[in-house]
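We just call them A, B and C in the order they show up, numbering each chain from 1.
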Amino acid sequence: MDTVIHTNKLTKRFGDFVAANEITFDVYRGEIFGFLGANGAGKTTAMRMLCGLSTPSSGTATIAGFDIYKHAEEIKKNIGYMSQKFSLYEDLTVLENIRFFGGIYGLSDRQLKEKSEQLIETLGMKSEGKKMVGSLPLGWKQKLSFSVAILHEPKIVFLDEPTGGVDPVTRRQFWDLIYEAVDNGITVFVTTHYMDEAEYCNRISMMVDGEIKALDTPAKLKQRYSVTSMDEVFYELARGAKRSE
Amino acid sequence: MRTLKFLLRKEFKQIFRNKALLPMLFVVPIMQLLILPLAADYEVKNINITIVDQDHSAYSQKLISKIMASGYFRLASYATGFNDAFDDVENDRSDLILEIPQGFERNLIRENEQQLYTAVNSINGVKANLGGTYLNRIIADYNADVRVEWVQMPKFNGLPTIEIVSSNWFNPTMNYRFYMVPGILALLVTMIGAYMCALNIVKEKEKGTIEQINVTPIKKYQFILGKLIPFWVIGIVVFSMGLFGIGWLVYGIVPIGNLLLLYAYLLVYLMAILGLGLLISTYAETQQQAMSIAFFFMMIFILMSGLFTPIDGMPQWAYIMTQFSPITYFIKVMRMIVLKGSTFSDIKSHFLIMIGFAVSLNGWAIYNYKKTS
Amino acid sequence: MNNISTFIRKEFLHVFRDRKTLLMLFGLPIVQIILFGFALTNEIKNAKIVVCDYAKDAASQQIIEKLKASEQFEIQNTLLGHKQIEATFKEGQIKMAVVFPANFNNDLLHKNKAQVQLITDASDPNTATTISGYASQIIMDYRNELMLLQDLPYQINTEMRMIYNPELKAAVNFVPGVMSLILLLVCVLMTSVAIVKEKEMGTMEVLLVSPFNPFLVIVSKAVPYLAVSLINLTVILLLSVFVLGMPINGSVLLLYAVSTLFIITALSLGLLISNSTASQQAAMLISLMGMLVPSILFTGFMFPLENMPYPLQLVSHIIPAKWYYIIVKSIMVKGLGFSAIWKETLVLFGMTLLLLVVNIKKFKIRLT
């Protein structure tokens, strides 16, 4: 199997505080990789390093075959990112946001036109195309930012708690979008709190106190801890945590 | 280039869509340029005077009418005694008291010497000083009148006199507004440039949209150019509106110097001042911080810029400080080119200094602006 | 009430945790006092001038020596001809040229009448007037020496007394000005931005659904700035007394009381701005461009109000800082009591009341 993310002893320190400690793992092409952990376990820190938003203190990593130190710019062309906090421009319309982000990823005018029409169609937002993004409901915003994140057909998309605060129906729809992206050959790296969502992942890593404590498929993890749900796996692993917010 | 196009399109859309921002960018500066020069008038005139005339003689009347005819003074009231007059000063109805003692006329002739008493409200020292000087000059004139009237002294004719001829170049009518308009325009362009640029970038930080930008392949310089160019253009537009729309049409200030030279200097200056905005944005996390930092430095720069008070009178340390503020140079160059028609060779050193500011402020800002932490 | 104090405590934490902003808040009054106290002056010293001496005789030399000796002037250069003067002015350093025509001394001694020409760079009319005044004074002094002044008959002497500020210190005028400016700035700008920020971030809704009177929630956001302003006021007063040597002649208690009223006026203004705007940028711009600049102008400490066109003088009446400035001058400098300032205080009080009523009205409209 193709490895699209490979990290080796990736570490981030803020002064004395070790936010991510010697993280080592691989993510393979086409999988949905779940990144779990309690609040403050270091998930976001790890993800930010992989996206090139934060420079690691030590360790190595390659994303889509590019070294995160040497080829940060190449990596950026090959990844998509959706942050916890909604970060499209609220004072631009839906279409304008799509065109802007498509444009800066180097899509041609024709591609932009096609893509944006197609995207609005898929999201069922035809009548909202000219509305300001700020006026949309949260669920739509999140679907939109996911779609914008994969607009340029990246190899990997990083999703940082993408479904926080939305209703179960919208979450379901959101995951449909994720599956569709996977079908199109995009690898998905996702952090989440929701254990039902963890079940949707091919493999899961559990972070506790800045370290990866477990990494396997949901089925094998449940087997290992002799439990029936991911909730219990999470509880088993996280209860030893020293830090939490 | 294509990336920059998309960035610029986005910035302009956001700016022109912001209904609160637009009037602030274009209407308010123009209003200020209209009103400020009318208000910022230092010339000391209309000094309110309270007169205590204890003498009630032909002489005291002559003195009073001479004072009133001078144009500097405005009669606040006649008071019967000094205490009444002092009340006027206390209540800000009057700035100056002139007391003519009883027997002024009689004693002047009899004793050959007489005393007048004046008291000046000197809270505003400059005004008090000038008011006092004007009054003294009028009294001295009056004194001379008295002498001429009483003694046709032949010996006066033999005294040497020096006639002082004043010519006021570049502004023969001594119109204070000619001086203020270019300076205030410079100030407004500066405020728009530095504040808007800083706030705009920090807003993206605060809202988190900068994160999304940072994971895209946008290069540092592209993002920065995308932020600078719109405000550069807006700065030029506001400047032109002020220079031609207000300066020329309303105040009748026709720039004497070369407009190309003026605009060339403006372009470099805007680069420097936008660099300052950029620099502030790298130090601030929130818009509130950016505003406070920008305000703090702007206040110092403006006060020290020579806009309101002359730089030459400052103590050495303060004078040196003014030389580190780009605004000082811009205000000076504005006035030189617009009012005096200074040429490139006159402002060559200013040009070099401003390029230095532009390069170092932007360099510092870019060095600080980190895409990664 | 206990719960409101929880809110207020939270607001204090917000304000006092933002070190950068705080530094600016407290740094500004100190820097302003120092700049106004020591750096800014309307006096002109060491003005650079040139001399163009066609006469080159004893009299012209003596006057030039006198100009050189005065601390107002610094003679940069002696020019050979008139033509160079304009070029020199355009370079921007030289403020005035003194021109002695040929035969200056001769005219003076034999014709009893000589001429000196003062050419000023009047692009700055103030400086031009002032320095030509200085120069005229020096030249007249020289003439008076020549006259070997005999006792003139019918001499009128003027005894001039400077009330309130005998040393003509600039501080006396600007300290009250800086006070009104700083208090206004901190209160209007900071409160409006702080509140609009919560609106913008969406945290305001959380506060508004809490079981307290929403208006009190908003008011509690203003309380820390009241504290910051009182600290600033104290710092300014201490600096002016101990660094600038400017005593407080009236009642300190009265000064604090009226200042608190003014602070509340300014806070209400800040609330009004925050009630009327939706974004931080808008709030800032309105506060800065719409409030601060007019206040600097119309308070009367930078520019004399009586020189302004009449409509602008009318505008000045609605600027709270103008009334506060008058009050501070009366208490601090003139040492007057409440009976002298009750009118101004009443105006401020009325303004505050009006602002608060408008605020509450506006706030209710928004809630329904």
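By definition in this document, contacts are C-beta pairs under 8 Å (C-beta built on N, C-alpha and C of every residue); 3 or more make two chains touch, one makes a residue touch a chain.
This structure is a prediction, so every number in the text was calculated from the model and none was measured.
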Number of steps on the shortest touching-chain route linking chain A and chain C: 2
Out of every possible chain pairing, which has the most C-beta contacts? B-C
Based on mean C-alpha positions, I'd like to know which chain lies farthest from chain B. A
Gap in Å, rounded to a whole number, between the CA centres of chain B and chain A: 55
Distance from the mean Cα position of chain C to that of chain B, given in whole angstrom: 11
Overlap residues in chain B, where contacts from two or more other chains coincide: 18
Flag every residue of chain C that touches chain B in the complex, lowest number first. 18, 20-21, 24-25, 27-28, 31-32, 35-36, 38-48, 86, 89-92, 95, 108-109, 112-129, 132, 135-136, 139-140, 142-143, 146-147, 152-166, 168-170, 172-173, 185, 189-190, 193-194, 197, 277-282, 284-286, 288-290, 293, 297-298, 302-304, 306-309, 312, 326, 329-330, 333-334, 336, 340
Residues of chain A touching chain B in their complex? 51-55, 72-73, 76-77, 79-81, 83, 85-92, 96, 99-101, 103-106, 158
Residues of chain B touching chain C in the complex: 18, 20-21, 24, 28-29, 32, 35-36, 38-46, 48, 86, 89-92, 108-109, 112-129, 132, 135-136, 139, 142-143, 146-147, 150-151, 158-172, 174-176, 178-179, 191, 195, 199, 203, 283-289, 291-293, 295-296, 299-300, 303-304, 308-310, 312-315, 317-318, 321, 332, 335-336, 339-343, 346-347
In the complex with chain A, residue positions of chain B that touch it: 2-3, 5-7, 9-10, 13-14, 17-18, 207-209, 211-212, 214-219, 371-373
